[in-house]
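Below is one structure. I have some questions about it.
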């Protein structure tokens, strides 16, 4: 729906009443126009008909569904939960700082408690001792909630593929994975904006039935079970 | 107590002295070195000398802040009887009175216990410090597999760490 | 007589309506899913053993009472401060008496040592 | 991976942890309360200032027993970001282990690499060219300033001075720009190699560096003006949770915490490494050893580090930026086309890495939080047999219970902020 920029002045289609008539009259006519009533003191040719009238209204009224409006509101006001685990937390802190200012998009209210947050940025490595805590906090967050796994350690155990770490996909549904070790602040910003676009376009994210996802194990080939047991 | 066969071996490598001592005499040796001036216990850490027996080693890095001199006290315990006296608590001196211990070794001995399985006798609070409380096995031992996710896409990945060949 | 209270009543109705709308909208629009542990008390991500009947020390109650006492005092000063010139010297004297009374209470509380946490 | 533990086993876990004997605490309360207190006033409550808490500077968990507002007992429980770095380093060849070791204490990554490379160089007995030593000192001191800035920003945040965060991160971004210019990466730069540094500094680096070091002292004055005259911060920090130098030494505490208590122990002066003795700088030392001294010592260290960087840049010698010993350092690219030996050395180093003579070395350096020592044992192969990092925060953390017992919760939060624990280094 491309909203074309149109000067409101006399150059409008059919030219509303009189050149530069006083504002009141122009207000009056557009209200009557929306009610489809006869516009006082307008020349008949100025009154758009049929399709032309439809286009005239459409250019001035934004029609949307409730879902899209709610999604627009939600996606522009994520409250990230501060979940600084390790090195990525320092880079997450610097997106709040002045250079890559996350406040430009309305996400600077970092909430400490999960009750007030709706975006969990998992920044750092999740150890096996920390995994139940992360899952519990994700459960205690209120709906609708999203999760960004920032950095390689969180998405795929990154530099350390050993006994102590768990990839976050193993125990909670993740929406956006931000690569990098640590990802630059701009990379995390791109990840958050990507999540914003995902939420705006389609509130019901499809690829995984979001709210029903219990653990989301990949399919681990069974023949490697013997190695290193 | 400190006898003539307490110090098994002394090494002077790259300008740094190391004493290897009999595990039973660790507390008197550290007290003697403290009286000699090495009052600051910088670090207590474990080493797994896998192929050589006795396997589990515990190192005590001592520092004399006055003469800025460092010395390492090393002891080796086998895996079937990994028992060592802890240096953390205050001990009763033989002639009455109390010999102060090294509170700094508290967490460090717990880490050596957690990672290598060396049990420190009458340590005030010997529990696992880094791994979850109910974790089996001591991860830093050489024969403990490094674990982690099997890499799904390569079939020629090097076998797990295991002992060095 | 009722007319002069009309703005206050309209204000109350509007406030209630907006507040109610938000809560109802939340309940209606927000998807809610009874996941495990969602209702548990939040204790930094760990299972908490703080049950419903948690007993707090008495000192918290004392501090809360003192705060309410002196906070309400300030709340009363606001309306007087805005209309002081209209009410004239009578209101001035009245306010000074009010403040002195509470100041005596403050000195008593201070000397008794209730301001120190115990 | 089932993540929901049944509450029954967990409370057993909690009971096992709660080996707190409260008998001494009971009489102490009864004595100072005067005995006329009812049961509820000294009702003890055990709470978790746990892994997910804004004031714990990372995933540190404190099992705190409170009597009202007063902290009666603290049990730090760590391990929530344990990554098995020392085990992973054993699986890598010597020069591949640097990125792994660098990610331990994620605020002072140059120091981790420096401690590890220092230990390996002592094992190899290789000589570091003076230009490489000076470049290392410049980057180490920049990292010290950056680490103190992040500490200052987050600690002032805990004490309520929120604007400090933006000031400090403004300087941090300037430093990271310089890191990016000389090393190519903001954090975990792997700039310090075994034998020297990875690259020589580009042409424009010196001017940018001089521009930064001229502006830094005035910026640090701004921080001082903001906080030193702020009555709330002073009330929160002055003579709260002091600890004397003797008790700190018994607990093994080093670094700004020890210097705040009056003991001027600093490895850069006591046992100078990497040509620190060429520079003249002072060691800020506190007197009382309370939270305000710890804050003031670190703030003063920012000035000293700036002076070191200026002197290091002024006296930067010419010459190679990495050792010319081909057994350890890669030969320059253009030599590969011409000489056969360079090709062989290159191939040997890239495939298997250099072999290190068997031996054990403990190499301590002065990190922003204290003595950071790296113990490396080599068994003659091209992979380290054991890498252990003696992390200063791991040892300093034991002092929290001695500092904050008997204090209010607000003082505990201030003490934790001034302790500057970095959990990556603690949990390794």
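Letters A, B, C and D mark the chains as written, and numbering starts fresh at 1 in each.
Simple rule for what comes next: contacts are C-beta pairs under 8 Å (C-beta built on N, C-alpha and C of every residue); 3 or more make two chains touch, one makes a residue touch a chain.
For clarity, every value in this text was computed on a predicted model and none was experimentally measured.
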Next on the checklist: Quick check: more C-beta contact pairs at C-D or at A-C?
Outcome noted: C-D
Next on the checklist: Using Cα averages as centroids, what's the distance between subunit C and subunit D in whole Å?
Outcome noted: 44
Checklist entry - In whole angstrom, how far does the Cα centroid of subunit A sit from the Cα centroid of subunit C? => result 36
Checklist outcome for this item: Rounded to the nearest Å, the gap separating the Cα centres of subunit A and subunit B is 52
Next on the checklist: Using mean CA coordinates as chain centres, what's the gap between subunit B and subunit C in Å?
Outcome noted: 58
Checklist outcome for this item: Within subunit D, the set of residues that touch 2 or more other chains is 4-5, 50-53, 79, 82, 84, 87-88, 427
Checklist outcome for this item: Flagged in subunit A as touching 2+ other chains are 129, 133, 136-137, 160-165
Checklist outcome for this item: Two or more other chains are touched by the subunit B residues 131-132, 139, 144, 146
Item to check | Touch relationships between chains, expressed as pairs | outcome: A-B, A-C, A-D, B-D, C-D
Checklist entry - Which bits of subunit A are touching subunit C when the two form their complex? => result 66, 70, 113-115, 133-134, 136-137, 139-140, 142-144, 211
Item to check | Touching residues (chain side subunit D, partner subunit C) in the complex | outcome: 4-5, 7, 10-11, 14, 33, 38, 40-43, 45, 47-53, 61, 67-70, 408
Checklist entry - Can you name the residues of subunit C that touch subunit A in the complex? => result 29-33, 35-38, 40, 42, 45-47
Item to check | Residues of subunit D that touch subunit B when the two form their complex | outcome: 13, 16, 19, 78-79, 82, 84, 86-88, 90-91, 122-123, 125, 249-253, 265, 270-271, 359-362, 364, 371, 373, 375, 377, 379, 381, 383, 385-386, 388, 390, 394-395, 397-398, 427-428
Checklist entry - Which residues of subunit D touch subunit A in the complex? => result 1, 3-5, 50-54, 58-59, 79-85, 87-88, 99-100, 103, 106-107, 150, 153-154, 165-166, 169-170, 172-173, 186-188, 423-424, 427
